[in-house]
Amino acid sequence: MNFIIAASSATHDASTIGGHGTFHYILIMALMMTGIYLILSRSNMIKSIIGLNLFQVAVIMFYVSMGKVEPGTAPILMAEDVPHAEHDGHHDEAHDADSHDAPPAAHSPDPKKDVELGAHTLDHSKKVTVGPTTSKVSKITYSNPLPHVLMLTAIVVGVATTALALSLVVRINEHYGTIEEDELEDKGVLI
Amino acid sequence: MEIVYSISAFGILFSMMLALIRAAQGPTVFDRILAVNMFGTMTVLFIGVVGYLTNRPDFLDIALVYALMNFIAIIAVLRYRDFSVDPAEEAENHEHS
Amino acid sequence: MIIHGITIILFLFLYVIAIVIGRSRNLFAAVMLSGIFSLISACLFVIMDAVDVAFTEAAVGAGVSTVLMMIVLNLTSDRESPPVQPKVFPLLVALLTGGVLIYATKDMPAFGDPEALIHQSQTTNHYLWHSFEESHIPNVVTTVLASYRGYDTLGETTVVFTAAVAVMLLLGHVRESETPPKLINDPIALVGAKMLIPYILLFALYVQFHGDFGPGGGFQAGVMFAAAFVLHGMVLSPKHTLKAAPALIIEKLVALGVLLYAAVGIYCLFKGGNFLEYDVLLSHGEKPNPHGQHIGILLVEAGVGLTVFAAMLTLFYKFALRGKA
Amino acid sequence: MSILEIIGSVFLLSGTLVCIIGGIGIVRFPNFFARIHAASVPDTLGAGLCLLGMVVLTCGLSPEQGYDAKLIALIIVKLVSIGIFIFVTSPISGHALAKSAYRDGLGVEPEDDAKSQTQEGAS
């Protein structure tokens, strides 16, 4: 049972006709909608903050989903892409020159070939043929690391700003005795 | 082997769904905590199985973090929920610690 | 196809949780469900190959966020008052925004399409295929985070620092509480937690230094270090943790981490390179210098870990030591 | 399929089955103290069987699939530590939970559900 081939070939078909290709994005947008609704509809401030968190997770998921390459795996180089390079600090010039004319894409240019190669490496039951380690032509497809980096820091910053919002809520509660926006409006604090 | 992993993944997902039902409908707050706790354990197993399913089982670090964070969340819930505690007993415990 | 099925089921879980959070009047339940929400979203991140993001989300969303929200609920109120009238306007706004966004997705490349423009970028391909020979670190995310986009990360670390300072300003003066914070009142939890704390710290160190080879790094390790202290503070009381990790020292560590990060960059300037160009560290002039990169990334990650740890612990102190109004 | 894969699959699938049984229990049982029994089953036996199955399956991985002995050892160490972690934390949290519930005056009769619902609403 080779689900990876099936999934990736389906995506390649879909990318031309726009079938289930953008389905994930629609799911994520629906999640964003629930987040927005929660922020706007609730008068309770903690509920609004929870809604903000949901919205944030949806945005992060949107970014991360754009970085996914279909037969790919996480962008941590696997053993066959890690040449046992010299650890004495000297850099091989020939090696460097060799790597410059490597295929630039995160995948090989021919999508069909890519699917087959990806299947070969990712299929659990088949034997993996270890390629020449010095060459930069990898048989493994990796997902795009850039969105991961941006979103990783965004999550930590997100919790820091959430804590800031929560501390404001605590102060408001101490000062006015309520965390409901409606009640603050009734008191004439909030216009 | 994929078939075994996928059956296992879907079974764990089903179990997660059942825990989610209990977490959603309560009725008491303790039922929710119980369901969240079980949900966390299921997530740990699910991440493990998905790691095998996608053929990169060296991501078990994440499962380990889940187990840890789940425990901390449960302790936080029990710590900061306003349970009616006998003040005398509380003072006694304060001395012990 | 199996992965797609799992993804859709997990998304359904997310919708169910979001709806239950919206309907629940009990804020306590809402906070717990938001903890589950971030667990499930972390599962989705794993499926979308973003293991480092999943790591962070699990540590931050399910751990620290839940703890902070629980403390705030304890300080304020855990009941939501019923709405005065049902609101149509927010629903309209949400539907309109969502509709526009969904309409916009029609122009997006298909999910996972390797031909998508984002994957053709020269920068991305340089990150993927040249990062190992330039820094000898297999985890591309770590290399990009700490080396290629070191400016970004310095900025993010500064944001964490600023947020911690802002919380300190807002909740700075400690209100003496009439009702002292309760203990968990349970020797078994106490013994169990005390037994676990050393191993949590050990695991955090592993995450910090194994971040080059697997998922992990300064951000995650910092959160986990803080989690160990938070656990200690919860099973005993925050006052006991204050004895082990005095607030004055921790507050200085918040700044020290950022300073360490910036100092590495300035040292690079002195060595004749650009800001945060680690190639000049430990170097005799050769340009791609994996050793220099390695040591630079190590120091920078240590700075990030220090700041995040100290910031998270400071947040916990400020909230947990505050008396009830 | 090798013998190790068969043994591992049996462990993994039986662990999954135990998890599902526990899940059914947590939904169907009438009151909190009955449900806590059901929840303890997947937390200990289910997780244990699943992790044991994964350990056996990891032993079955071969160097041709890209796993050398060091990586396999690392994976097994991680699995075992997850197992130890779950075995320590889940009974602790279960115990703390049951104790808090007992102190909160939660009853064991099925009809207590309705009463405690109003309690939650009132508190």
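Order of writing sets the chain letters: A, B, C and D. Residues in each chain are counted from 1.
Simple rule for what comes next: a residue touches a chain if its C-beta (ideal position, glycine included) is under 8 Å from a C-beta of that chain, and two chains touch if they have at least 3 such contacts.
Given the structure is predicted, the values throughout are model-derived calculations rather than measurements.
Enquirer: Pick out whichever of the two, B-D or A-C, is joined by more C-beta pairs in contact.
Expert: A-C
Enquirer: Pick the chain whose C-alpha centre of mass, unweighted, sits closest to the average of all protein C-alpha coordinates shown.
Expert: C
Enquirer: If you average the CA atoms of chain A and of chain C, how many Å lie between those two points?
Expert: Centre separation, chain A to chain C: 15 Å.
Enquirer: Compute the distance, rounded to whole Å, between the mean C-alpha positions of chain A and chain D.
Expert: The mean C-alpha positions of chain A and chain D differ by 29 Å.
Enquirer: Chain B to chain D: how many Å between their CA centres?
Expert: 9
Enquirer: From the C-alpha centre of chain B to that of chain C, how far is it in Å?
Expert: The mean C-alpha positions of chain B and chain C differ by 19 Å.
Enquirer: Which chain A residues reach two or more other chains?
Expert: As it turns out, chain A has residues touching two or more other chains at 3, 73-74, 78, 124.
Enquirer: Name the residues of chain D that each touch 2 or more other chains.
Expert: Correct list: 71, 85, 89, 92-93, 96, 120.
Enquirer: Could you list which residues of chain B touch at least two other chains?
Expert: 1-2, 6, 16-17, 26, 29, 33, 54, 58-59, 61, 64, 68, 70-71, 75, 78, 81-82, 85
Enquirer: Could you list, by residue number, the parts of chain C that touch chain B in their complex?
Expert: 2-3, 5-6, 9-10, 13, 16-17, 20, 26, 28-29, 32-33, 35-36, 39-40, 42-43, 46-47, 51, 54-55, 58-59, 62-63, 66-67, 70-71, 73-74, 78, 182-185, 187, 189-190, 193, 196, 200, 203, 207, 210, 214-216, 220, 224, 227, 230-231, 234-237, 240
Enquirer: Which bits of chain B are touching chain D when the two form their complex?
Expert: For chain B paired with chain D, touching residues are 1, 4-5, 7-8, 11-12, 14-19, 21-22, 26-31, 33-35, 37-38, 41-42, 44-45, 48-49, 52, 57-58, 60-61, 63-64, 67-68, 70-71, 74-75, 78, 81-85.
Enquirer: Provide the residue numbers of chain A that touch chain B in the complex, in ascending order.
Expert: Counting only chain A, the residues touching chain B are 1-3, 73-74, 122, 124-125.
Enquirer: Which residues of chain C touch chain D in their complex?
Expert: Within the complex, chain C touches chain D at residues 25-26, 184, 186, 188-189, 192-193, 195-196, 199.
Enquirer: Would you pull the chain D residues touching chain B in the complex into a rising list?
Expert: The touching residues are 1, 5, 9, 12-13, 15-17, 19-20, 22-24, 26-27, 32, 35-36, 39, 42-43, 46-47, 50-51, 54, 57-58, 61, 71, 74-75, 78-79, 81-82, 85-86, 89-90, 92-94, 96-97, 100-101, 103-104, 106, 113-114, 116-117, 119-120, 123.
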